[in-house]
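The letters A, B, C, D, E and F name the chains in turn, as written, and every chain counts its residues from 1.
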Amino acid sequence: MLHNVTDVTVATLLDAVAARFPQGYRLITLTCVDCVDNLEVLYHFYRNYELSHLRLCVAKGTVVPSISGIYSCAVIVENELKDLFGLTFDGLVLDYEGRFMLAADAPVAPMLRTAPAQAAARNGELKMEP
Amino acid sequence: MAFSIHSMLAKSPWFVHYNCNSCNGCDIELLACLTPLYDLERFGVLHVGNPKHADILIVTGSVNHRNARVLKNIYAQLPAPHVVVALGVCGSSGGVFAGAYNILGGVDKVIPVDVFVPGCPPRPEAIIDGLVRAVGILRDKSAGAATVPAATPTLTVTPSPAPQEPHVA
Amino acid sequence: MIGRLVLVVLVVLGAPLLGALLNGADRILTARMQGRIGPPLLQPFYDLLKLFRKEPLVLNRIQIGYVYLHLAFMLMTIVLITLGQDMLLALFTHAFSTLSLVIGGMSVRSPYSRIGSQRKIMQMLAYEPVLILLVVGIYLRTGSFMAGAVAHLDAPLITSLPLVFLAFLVALEIKLEKSPFDVATSHHAHQELVKGITIEYAGPYLGIIELTHFYETFFLLALVTAFFVTHVWLGVLVAMAVYGAAILVDNVCARMRTTWMVRYMWTVPVALAVCNIIWLYLQPHVGR
Amino acid sequence: MLTPANYVLALIGVPLVGGVLACAVPWRGVRTVVVCLTATLTALVGVLAVIAGPFSITCGAWSDPTALALELLLIGVIVAFAWEARAWLIVLLALVQLGLCLTEQFSAGAHLLATPTFILDTLSSILVIIVCVIGALIVVYATGYMREHAAHAPRTTAGDRRFFLVLVGFLGVMNGLVLANNLRWLAVFWESTTLCSFLLIGHEGTAEARANALRALLINAFGGVALSLAALLAAHRGGITSLDGIMSAQALVPMALLCIAAMTKSAQFPFQSWLLGAMVAPTPVSALLHSATMVKAGSYLILRLAPAFAGTRLLDVVALAGGFTFAIAAALAVSQSNAKRVLAYSTISNLGLIVACAGIATPLAYAAAIMILCYHAASKGLLFLCVGAIEQKIGSRDIEDMGSLLYTMPLTTVITLTGMLTMLMPPFGMLMSKLMAIEAAIEAPFVLLLVIAGSALTVFFWAKWIGRMQTVSYHPHYPRETMPFSMSSVLVVLCALVAGGGVASILVYRTLIEPMALHTFATASAHTIAALHAAGNLLSWPVFVFPLLAALAWLWTIARFNPAHVRLPYLAGENYEEKELSYAFLSIKDQPAVAWTTSLYFKHTLNELRITPWANLIAWLLVLSLLGVLGM
Amino acid sequence: MTTAATTTRRTLIPFGPQHPVLPEPLHLRLVLEDEIVVNALPAVGYIHRGIEKLAELKDFQQNVFLLERICGICSFIHSLAYCQGIEELMQLDVPPRAKYLRVVWSELNRLHSHLLWLGLLADSFGFESLFMQVWKTREKVLDLEEATAGARIMLSTCAIGGVRRDLSDEQIAQVLHGLDAIERDFESFIPAVITDTTVKHRLVGVGVITQQQAHELGAVGPVARASGIARDLRVTGYAAYGELGLNPVIETDGDCYARTLVRVRELHQSLLLIRKALKRLPATPIAVPVKGNPIGEVVSRVEQPRGEVLYYLKANGTKTLERVRVRTPTFANIPALLAMLPGNELADVPVITLAIDPCVSCTER
Amino acid sequence: MFPFVTTILRALRRGPATRRYPYEVRPPMAGSRGHLVNEPDTCIYCGLCVRRCPAGALAVTREPKSWTLDPYRCILCAYCVEVCPKKCLRMEPSHVRAAS
């Protein structure tokens, strides 16, 4: 189970992250989970054999501040989330403009639950052929 | 076929490898074929870096939206006569990934394929078998023979006495 | 006159055969050193014939001319040497043969081709002094720039040019595109430049480049033999040994960087050759 | 039929008069006609004179005072220019020179040795031909070039009329320089070329142009002082007043000074900087003065004198200095991407090789030097003209901008390529002469090493440039190139000359240079003579069937070329096909980016600014050791 | 004298996606100046399949087979990470023998992955015969894998609740015997890697990142360890590592040579671990039955050959999971790679790239 | 300086390590997953394997009774073998040959 989870908001996110940087936390990654009504972004940190997480819950379409200014390595995962979840980050150090993981003709924000395949799977009629 | 110029193609098949959506399983088995234990160079096979020097294009993995265009580009740069080999079930049909949002399907969705090699990943022996087939097709193509696109036969089993189809070795 | 003509024809026809066999042997030996079986001995022939069967893909028309020149100047070099003509001229035609390939590789904007070409010039920059010093050394020994004069020596060149010989061996490693100097193009595909300078040549044009390489292999080993001219068979043996050693070095070295190559060549082998030449100058019977 | 004296007069006078005429007419069209006519006439006179030669003429008593007066006048003009520019150092040098001239005039007393005032022998014939034929061609080219140039020239420019006065007049002056045997006349023409160069470099009148012109003037004034000092000392030593006097008297000290003067004019290290600065001048000037003719004056002088001093320590140093210049200038040329600077360094480098060969002073070296002198003048002149044409078209002289030119200016590009190939491809003259230079340098081991290093580096920068020039994309469409007829015709003629003459190099050697060297070095040792003869055997014509066959095969291939075989380049699979962006690949964000490969320049290792001071230091040491003869 | 106008134009070339030194498609947009890298930007997505989404479509048992195909090199450890996560959610108690077997296979996996990498590295600097030698030895590892796991590429071996295969005593003996042979083989190439002049020339001082940089850029695995960060998840003691005990291998120079040394020393470490694990193999069942469906969220992390892999799993009590998130070590090392490249020569680009042991199919999933 | 020389020379001495496939076929290892076979007479065509197959490589029809495998889709995971109630599926060690 997940321990050490702190809830943050769009307003407090940057402060919380900025506080961790000098404490020697390493950013492992960001995880985005589609909770149907909103998106949940988890920031996984690590220090001295101890995980800690920030949980940011936002409505779909919210602009999330980018932490790439603090943890520069966040830039690639933020770009990925932008592609896969259609999440918009404000202040990305290097912005691939939604063309990081996905090509122009690939489905848009395919990881969102609204994707038809997901609905099909829920209803138990999973088809293997595209 | 004694000594003919067409058999030279069979004796010196150079291949270029492109990894489409492979999980690396197929790629490393292909690379393993070049190493001492399997040594493809015995058959004159060389691994070349660019399609312009190649006779055989070996594709591992299935095709996605982004690498489809790369695959087409590489294919367009192959000098004739050439043969395309799709390695692994990913290249044949998408394998376990079929149905994922970024998978268009097997290699034949984008370019014509001459040989499909099944397996996940195919063993080096299977790859060698595949190349032997490819070489034969190369010779035929050089001689101007018409070739048909490769098929991926299925195996059906019914209660005896119906016999098994002989596609599986 | 007729005799010379026959000789020329023999060399022009025979050199690529020998060169190809040498290349085949190289590939087998390399394979064995790596614990593999390797291709058949005739593999280079198969490769060559195959290449001539392939579609001649190019990027433009200009580059075609330069492969022809590449071969032509190589042939010219070999004929010049066969006829016992001026060695310096042969050296320059030889250099121009390489240069043709370079210019051909540069005539396309294709990045790997261009970078490969530039590295090839760097290679020339690296080995050319050694080759010129070699000719100078021979001159100091024979008193003539004519290759034919070597044949009339009473003692083999190696006795007076041992260090130049060593320097030449290093240059040979570059010319044969072997590690640690295979920076411009490589017989192994896994290079950062893919195939470098030859990348935009396909089919028959690549075949001509290969063919020229066969000539070149022959030519270089013939030069090695020339060091032992009074004992030709010894020379041939040494040439084979040198070739084997080159392959061995190829197999025990990583590829080095271009800049290192130039720095190295302009120091160690050039110094060796210069020492030898100075020594020759100090000999009473040579120089001025 | 014309007498020798008339020939000399015509050689000097025709261009001068033509120049004045060109200056006098206010209409551009008429001026063009005048200039072209003068050029034709000059070329004609030059050829006729050479056919009529060899000869020498001795002028009457009027000669010396006239020369002195002219020299004083020239010094006055120089002082005036320098004064105006507040270049006190130049004023000082000019005054020193003035002093030297007057001292010579009033101290040496009667000039006893009667020697010819002007000589047209084989060596000067060659230079006369270069000046009159190549010079004339360049002048004709200039008419077209300057029309275009005037449109873009800055407002400070001195105007066409002065330009053509100086440019056309220069031909006469240069003829005078190569014909003069009398030291005073030599000095007159020498100073005149300095002045011409100064005026032409400063043509555009920009701050940079003026500064560079002054630098040229300064360095050449220094050379002028050396020349005058040489004349003074020669006069003191038994009343020598002429070049052949110096030669027959083996006067080492004047010789050393003349060598220094020659090094300034030929822009040898450490005097090279003015020639690089001179590249601000309009390109025909660079072609004429700064590569084909004027800068050759220095090496010509050494070449003329050297045979008499063969084997002296002095010449050993000269050879070393030349070899050093050859190598270091070639190295610096590698680091340049500005086409004119590459050409400038290459010119310096080749002049260095001539000087080195002159210094080695064996028959073969002498022959090699003359070969280089001829072939370099032609090829380099052509290349400058090409660069000029290219620059006018694309507005850049950067080599890296010259890719894909085959698209826009096929004719010029082909000619440029031919010009560059003649610089380094067998069987063209440059390569053959470089080869002879190496064979000759065997006699001087240190020079040999420098020559070897220099040759390797030379190949580097030419190949780089050739490669860039002929880079073409794979959708060729060749438009017709528009260029003034005067320019294109000159390019074609000169190109034909260069290529034809280049291929015939061994013929030229056999019929012209070898006898000449033999004649000059009548007393040379047997083995050096043998080397000379051996070089004539360099080419066995039949072996050239191979390149010829290659060329034919190429034509054949192109004739039956199938456009379907043209494919996209290898761009790691990410080609982005669009006609205008032929080398584009899809990169990050799926956006096209154009693949671009800049050539290697080693801006860090071969940094011009870092290397030049050290090179200058070494070169100064060599120059100082030249002066060591003073102590002898 | 006018000063030479410096050309500001630079070389811009594509490196990949189809490139023979990169067995996998990765595109680098390289800006060079005289063959020195000024700037490098990556483009990925050539191998992105959408496995995270697909894992939400298949059931949690099938996912084992899907997720181990994220990568054919580190396949076993992928399934291990996933299985451990599900086991935590379902509170399954994995039998000790399974835990030990997991260590054995993990380390075999690491062995073959490191050898594979070493060969590719040798290839990247043109040392073909070294590549051949290393891969020849690697075949012995693959034989062991096939003999124990049923395929040369270890798939279908780990299961939720345990492992799918057991080792008989003969197999154990065979593995131990095989390990000896492998260790003997190391003698034939490891000295070359460590002491050869030309190899050192190509590796020492190339692609340096400091400890501080490595930490800030979030580097993991041998890349972090070569910069002096003791970051090895095996010391957290998952599977049977807690009982076997190990110290992370550390080097401090932070260059390609240090990364090589780390992996080379880990080869020996893996041998040691396998031997220890096989000796102590407890006699228990190899799996527990799985009943019901997982529920809850969990983060599961294990040490891959290339470093820490993180699985975030969210289950809702049905057969299908709500979210499967995989953060692979190469993904974490890419920022470090981009920091290493500038300032090095073009010839070093493949070497540096391979020195982080990139696995693009892991990165992109 | 060049420690690899010994390795190279040893390789030369020992001769090639190559397995000369296809001329000499190494017997596949026992327990290796080469390809899937079904005992048609034991199979009850229940379709359990089809539902569990992660790659969707199987199809079963009850009327007429048939079991179809797409070898170009099967990832050889043997999960079907594990779940089959009749144990009529098994993995054979030899590999499937290429089709063209």
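One rule holds in what follows: contacts are C-beta pairs under 8 Å (C-beta built on N, C-alpha and C of every residue); 3 or more make two chains touch, one makes a residue touch a chain.
This is a predicted model, so every value here is computed, not measured.
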Intersection of the contact lists for chain B and chain E: A, C, D, F
Each chain counted as touching chain C and chain D at once: B, E
Most remote chain, CA-based centroid, reference being chain B: D
Chain separated most widely from chain C, comparing mean CA positions: A
Which of E-F and A-D has more C-beta pairs touching across its chains: E-F
Cα-centroid distance, chain B relative to chain C, in whole angstrom: 37
For chain D paired with chain E, centre-to-centre distance based on mean C-alpha positions, whole Å: 64
Between chain F and chain D, distance of the C-alpha-averaged centres to the nearest whole Å: 77
Distance between the centres, which are taken as Cα means, of chain F and chain C, whole angstrom: 50
Multi-chain contact residues (two or more partners), chain D: 567-568, 570-571, 573-574, 588-590, 595-597, 600
Residues of chain B whose C-beta touches two or more other chains: 18, 35-37, 39, 42, 47-52, 64, 66, 69-70, 74, 77, 94-96, 98-99, 101-103, 120, 123
Multi-chain contact residues (two or more partners), chain F: 2, 4, 8, 11, 16-18, 20, 54-56, 75-77
Footprint of chain C on chain B - complex, ascending: 5-6, 8-9, 11-12, 35-36, 39, 41-44, 46-50, 52-53, 55, 77, 79-81, 142
Residues of chain C that touch chain E when the two form their complex: 30, 33-36, 111-112, 115, 179-180, 182-183, 186, 188-192, 194, 251-260
Touching residues on chain B, where the partner in the complex is chain E: 16-29, 31-32, 35-37, 47-51, 61-62, 64, 66-67, 70, 74, 95-97, 99-103, 120-121, 123
Of chain D, residues touching chain C in the complex: 403-404, 406, 424-426, 431, 435, 438-439, 442-443, 445, 448-449, 452-453, 455-457, 459-460, 463-464, 466-468, 470-474, 476, 527, 534, 537-540, 543-544, 546-547, 549-551, 553-554, 557-558, 561, 565-571, 582-583, 595-597, 599-600
Residue numbers on chain E that touch chain B, as the complex places them: 17-20, 23-25, 45-51, 53-54, 57, 65-66, 69-73, 75, 116, 119, 131-132, 135-136, 138-139, 142, 152-153, 155, 359, 361
